[in-house]
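Each structure below is given as structure tokens.
Same chain, two partners: subunit A is paired with subunit B first, then with subunit C.
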Partner chain A sequence: MPALALQTFRLSKHFGAFTALDQVSLDVRPGTVHALLGENGAGKSTLVKCVVGYYRADEGAVLIDGRETAIPSPTTARALGIGMVYQHFTVVPGMSVAENLLLARGRVPARIDWRAVRAELEAFMATTPFRLDLDARPLELASGEKQKLEILKQLLLRPRLLILDEPTSVLTPQEADEVLGALRERAHSGDCSVLMITHKFREVSAYADDVSVLRRGRLVCSGSVADSSPQLLAQAMMGEGRVAPVTVGRLQVAAPGAVRLQIEGLRVMGDRGEEAVRGLDLQVCSGEIVGVAGVSGNGQREFMQALVGQRPRLAGSVTLEGRPFHARRAENRSQRVRSLPEEPLLNGCVGELSVADNMALREFDQSPFAWAGWVRWRRLAARARAWIEEYGVKTQGEGAMIRTLSGGNVQRAVLARELSGEADLLLVSNPVFGLDFAAVAEIHGRLLAARDAGCSVLLVSEDLDELLELSDRIVVMSGGRIVFQTPARDARRHELGAWMGGRHETAAAPQERAA
Partner chain B sequence: MSAQAWLDVLIAVIGGAVRVGTPFLFVSLGECLTEKAGRINLGLEGVLVLSAMSGFGAAWLSDSVWIGVLCAGLAGAALALVHGVACSLPRVNDVAVGIGIMLLGTGLAFHLGKPLMEPQAPQIPSLALGGWSNSAAVQAALRINVLFPLGVALAALLQWGFANTRWGLLVRMVGDSADAARALGTSVNGVRIAATVAGGFIAGLGGASLSLYYPGSWNEGLSSGQGLIAVALVIFARWSPLRCLAAALLFGGAGAIGPALQSVGVGGAYYLFNALPYALTLLILVLSCSPTRSARGAPLELGVSR
Partner chain C sequence: MAGSRNWQPTAEAFALPLLSLAGALVLFGIFVALGGRDPVAVWRLLFVGAFGDAFSWQNTLQRSAPLMLTALCVALPARAGLVIIGGEGALVLGGLAMAGLPYLFTPPAGWIGTLLLLAGAAAAGACWIALAGWLRVWRGVNETISSLLLAYIAIAVFKQLVEGPLRDPASLNKPSTLPLAESLRIGSIGSYDVHWGLVWGICLCVAAAFWLGFSVHGFATRVAGGNPRAARLMGLPTGRLVVTACALGGACAGLAGGIEVAAVHTNANAALIAGFGYTGILVSFVARHQPLAVIPVAILFGGFGAAGSLLQRRLGLPDAAVQVLLGFAFVLILASESLRGRLFTLPAPLRRRTSIAAVAGAR
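What follows is the complex of A and B.
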């Protein structure tokens, strides 16, 4: 049978004085889907990185098919048939999708016959649920598309053990179902074993055979999914005595107020020289959450970037409280605009700066944190410590480089900066990308609280469930335009899905349905 | 000024473009290769001077110009190796190391080159492309260094290789995302060192065409910063080898305008003309700069502080 059996034996890993993994003994049976759960910073990524040789474990061993095997580098892992989809994207951003796939496949011939390679890649792509433009560069792709590229890269290798580190965090639930369904089928037919890290209990109960839970670097439970329940798993993740917060209701206290953000005829250029946003009109009122649904790659990324000032606007007007808004720093401050960009490590942080410095980015030159041109670092550090406490950011201290934080904790650090204090407008993209369930509930609660306090929230998300749960009004973006809008309480999933899938191309007058 | 004089200027500029542009071409190709792998080697100025000296010395000692050319390349590669290895150490900044290499290379060359001021070494042969004309000026201008066609071929080869060979893809991957390369199990430092050394060899050929081609002698003022300018040319060429060729020719041609005008009697603003290449480069840099277009081709690992 080609599927591999993987065991780790008392694997430990330290970063300086910090123990990220503490004697973890995991057992993945061949031909099964094994889910790995744990809070943000529990050590899940560290564990799988040790298995594939990205990190070297300080103690313990990895057993493949029962034999102790040294895996000093990812090349060795690949040669053994172990494929890994990393949590942070490892695509080469400046090289085309075709080049990325070829590099990942390995066995790059000394001279490349692109015609043959492309034909082969096209044929391969046709056997998968994904479609990607072979000439696009990841630099220009949305996170959902990048994630698909990551998974494609691994499928191309026909791995015997596939490790996925939060593969579905940026996929829509439908896409996730397709991917996980396909993987489970492969596993059960004995082609490969799957080890999957996730934060979603739904995926665990629907697709996994076995499940293990890590807490603070220790394996706290491991067993068959049939014998577990989301409650038990949640308890194992959080530990005794810590109860998981309940999701706040989405009931709106007051009707939305006056229009605050008004976007008219917005047009934005994409990276490939085509218009990504083509005449977009949208209004957001005070005390309202407007959710933007859409399949990734339909201009949401460019739309958000244009709003927060990362990308020039070609045409159209954006006004905030009747005044033109260009997202300059001073405007953001006086009009109280905050944003949570997607991939916060890239778009909302300076990776090489400390957590405290990153938390200070908005206000380091403002009183009370600056005085006559001098920055009061001590005050900033004190506030950073308070935020780290309040938002539960797991870090080795406020002076640690933010790059070294786990994926979810980077997100929390940025959230702390953007959500604290009063905001009038929040521009949010995929806010819970990679957060554990407790953090998701907490963040959602904070967004709803902001809304109830009168803030306007524009929420772009590829997760329809999240939009349905939070939004007051949902708009669907497709082909760079808003093609449909509806109050969230009347929204029907299949209808939204149809619009997301591009129904407007056949529909006669899409805007007629608009409220 | 007569039409004939203008023609002479034009021919002199074309000839100058090739003659002055050849060293620029090699150094910028070497730097292009290095930068594609994600490192900046400012030390190429030192590489250029050291290889010019070594090439000249080797040619003089062995009495064979080709041994000289080879030694120039090897000297360049050796010095680049120092850069490549030093930058692979943790927390070492490639720009700082580059400046060190630049000083080391020139210092070493000046020291070892003292006995080479006097002698004459064999010269790199030239191709006479002006045979069709009976004007002496045309013939002189179109007599070109045989290394030049080699450089053109090299530029085309690199351009093609970056897109169509395993090595090209590896170099670009390492230059674009060290993380991705590591995840695929590629040795980032290994590829970078190899690219830096190969770049040093190529730049060394530029050194050979400085000291072993007309006027062909070794002296301390030989390079006068050409290695540094080549670094700027690479940025200007947006990391494309073929555009490096165009940039080198443009720069060489602009440098020849001053002397050419002077030779036909327009000598008023001699020093101003000498500044022309720099002014031109600046102007084109500004004009060709666009926030949307510039990104393509730039290795993303460049300028990442470590």
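What follows is the complex of A and C.
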């Protein structure tokens, strides 16, 4: 059987004085899907990075098929048949999908016969559950598509052990089902073993055979999925003393108020010179969460970027409280606009700067944090420490570079910056990508609390469940336009799915259901 | 809190440039040995010529003054995310403004006049580099290429004017402008043979460090340079910040030209085009675009320049031999970036890889 057995023996890893992994002994049986759970910052990524040789463990050993094996670098791991899909994207942004796939194979011939390669890639793609345009560049792809490309890159290598670090956090539940179903099939047929990090219990119970839980660098439980339950796992993740927070209900206290954000005829250019947003009209009232549903790549990314000022607008008007809004700094401040971008490290942070610097980005130029053109770093650092405490950001101090934080903790740091203080308009994209369930509940709670305080929230998410749970009104975006809208309480999943899938193209005219 | 995470980046910041410089010296030794000279004598002369005695120190400091300013012309735009290599152009335009402005009006005598002319020199340099930044931000032209091409244009303009309309009829075989009035020149510091330009250079490096580290505008510039997307999300005027950083850098290089004219050449002539702008690129990269680090690095490279003439006199090496050393240094500095973050972990994987081979062989 080609599938590999993986064991780690008392693996430890320290970052300075901080212990990220403490004597972890994990056992992945060949031909199974093994799920790895844990809070943000528990050390899951660190563990798998030690296995593939991205980090060097300080103590302990890795056993492949029962034999102790030194894996000094990811290249060695690849040679052994171990593939890894990292939590952060590793595709080359400026090269096409085909070029990225070719690169992943490692050996690139001196002269590339593109016709043969393309035919081969097309054939390969047909055996997988995803379809991607071979000529698209990752720069232009939505997160979900990039994630698919990452997985494709690894599948192309026919790995005998596939490690995936939160592969589904950027996929819709339907996509996740496809991907995980395909992986489980491969595993059970003995082609490869799968070690998968996730935050979603649903995926664990539906697709994994075994499950292990890490807490603060320690392996706290490990066993068959059949013997566990989400409650037990949650308890193991959080520790004995702490109880998981309950999600606040979606109940809306007051009816939405007056229209606050008004978008008319918005047109935005995509990365390839095509029109990605084509005449979009939308209104958001105060005290309302409007959820934007859609299959990724239908202009949501460009739409949000244009709203927050990261992308120029071709045409159309955006008004906030009746005044034109261009997302300038002064406007953001006076109209109290905040935003949570997707992939916060890429879109909302400066990776090389410290946590405190990044937390300061909104207010470093205004009193009381600035005086006569000078930044008062000490005050900002004190506030950063308070936020780190309040939002539970796991970091080695406010002076640590933000890109050394775990994925979920970067998200929390951004959250602290954007959600503290009162906002009148929140522009949110996929806010819970890669967060553990406690953090998800917390963020959802904060969004709802903001809504109840009268804030308008525009929420773009690829996760329909999230939209149904949070939104007051759901609109469907397809082909760069809003094609359907409905109050969330009347929304039906299959109907939304049909509109997302492009039903408007077959229907005579976009119809709208009365509220 | 202490530990590998905190000391490693700092140690690397020092170790990488030092190792690259050592490597460059070794390669330079091999190079001169191939030419039949004794490398040990060359290394010794390099040191003696740069820092051996009071005379060489004065020579070294004299040369390091413009290097500090031209290095800032690379460092400041770099912190805003742009790679500007056209400091030479800003420098010659600054020199031209210094010598040329008195043709247009009679500046008041004394230090007020000098300051006025220096302001003109700085403005000339600022405009030139800001143009490269502007082309980048609003027209999408690669700033590295455009700044280099703009430097060639600046040099051509300089020569055209100095050899044409501004030429002093008395300058026969070395076309120059009219000399600057005695009272407008920049003198030496006390009894040393080092002019006040050194103080300008050091003060501006310190000021730049303060600006970047502690001012609202400087921090905004670093954000725009570190991640333009995040800067736009924050509503920062990224384009304006970038162009301003370019203008500030260009002003420093323009000032360097003005000071060279007022303190060394006393008029504008082709000797001003001595490559300070290009060596400044090297200085800034070695200093990792940190204004405070620019000061010692500029002194080191000023020393190499000073040693060049000694190599020529004692060993008969051509004056340009030092350029070879600088070339080696530049290539190694750029290459050393690929080791950043891995310098201290590097030996271990190498060791392990051999042990795998040993195990495989044993089996």
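Just so we're on the same page, the second predicted complex is superposed on the first by the 510 of 515 C-alpha atoms of A that agree within 3 Å, B and C clash if a C-alpha of one lies under 4 Å from a C-alpha of the other, contacts with A are read in each partner's own complex, and residues count from 1 in each chain.
Note that a residue touches a chain if its C-beta (ideal position, glycine included) is under 8 Å from a C-beta of that chain, and two chains touch if they have at least 3 such contacts.
Please read these numbers as outputs of a predicted model, since none were measured by experiment.
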Check your understanding: Would subunit B and subunit C fit next to each other on subunit A once aligned, or clash?
Key -> clash
Exercise for review: In the overlay, answer first, second, both or neither for which of subunit B and subunit C A:T32 touches.
Suggested key: neither
Review point. Which partner does A:S296 contact after superposing on A: first (subunit B), second (subunit C), both, neither?
Key: neither
Practice item. Based on the superposed arrangement, let me know which partner A:M269 touches: subunit B (first), subunit C (second), both, or neither? Key: first
Point to revise | Partner with the higher number of touched subunit A residues, subunit C or subunit B | key: C
Check your understanding: Which partner does A:S73 reach: the first (subunit B), the second (subunit C), both, or neither?
Key -> both
Review point. If you stack the two complexes on chain A, which partner ends up touching A:E352: first (subunit B), second (subunit C), both, or neither?
Key: both
Check your understanding: So, does A:Y54 touch the first partner subunit B, the second partner subunit C, both, or neither?
Key -> first
Practice item. Name the contact category of A:G16: first (subunit B only), second (subunit C only), both, or neither. Key: second
Review point. Which region of subunit C runs into subunit B, 167-175, 293-301 or 311-319, after the two models are superposed?
Key: 311-319
Revision key, fill the gap. Subunit B and subunit C footprints on subunit A meet at residues 73, 76, 352
**Study point:** subunit C - residues contacting subunit A, complex
**Key:** 1-6, 214-217, 219-220, 222-223, 226-227, 229-230, 232-237, 345, 348-349, 352-353, 355-356
Practice item. Spell out the residues on subunit A that touch subunit C in their complex, using ranges where they run on. Key: 14-18, 56, 70, 72-73, 76, 308-310, 327-333, 339, 341, 346-353, 357, 360-362, 364-365, 370, 373-375, 377, 396-397, 400, 404
Exercise for review: Spell out the part of subunit B that touches subunit A in their complex, as residue ranges.
Suggested key: 164-167, 169-170, 172-173, 176-177, 179-186, 291-292, 295-300, 305
Practice item. Can you check the complex and tell me which residues of subunit A touch subunit B? Key: 53-54, 73-78, 84, 86, 88, 90-95, 99, 102-104, 106, 108-112, 114, 139, 269, 271, 312, 352
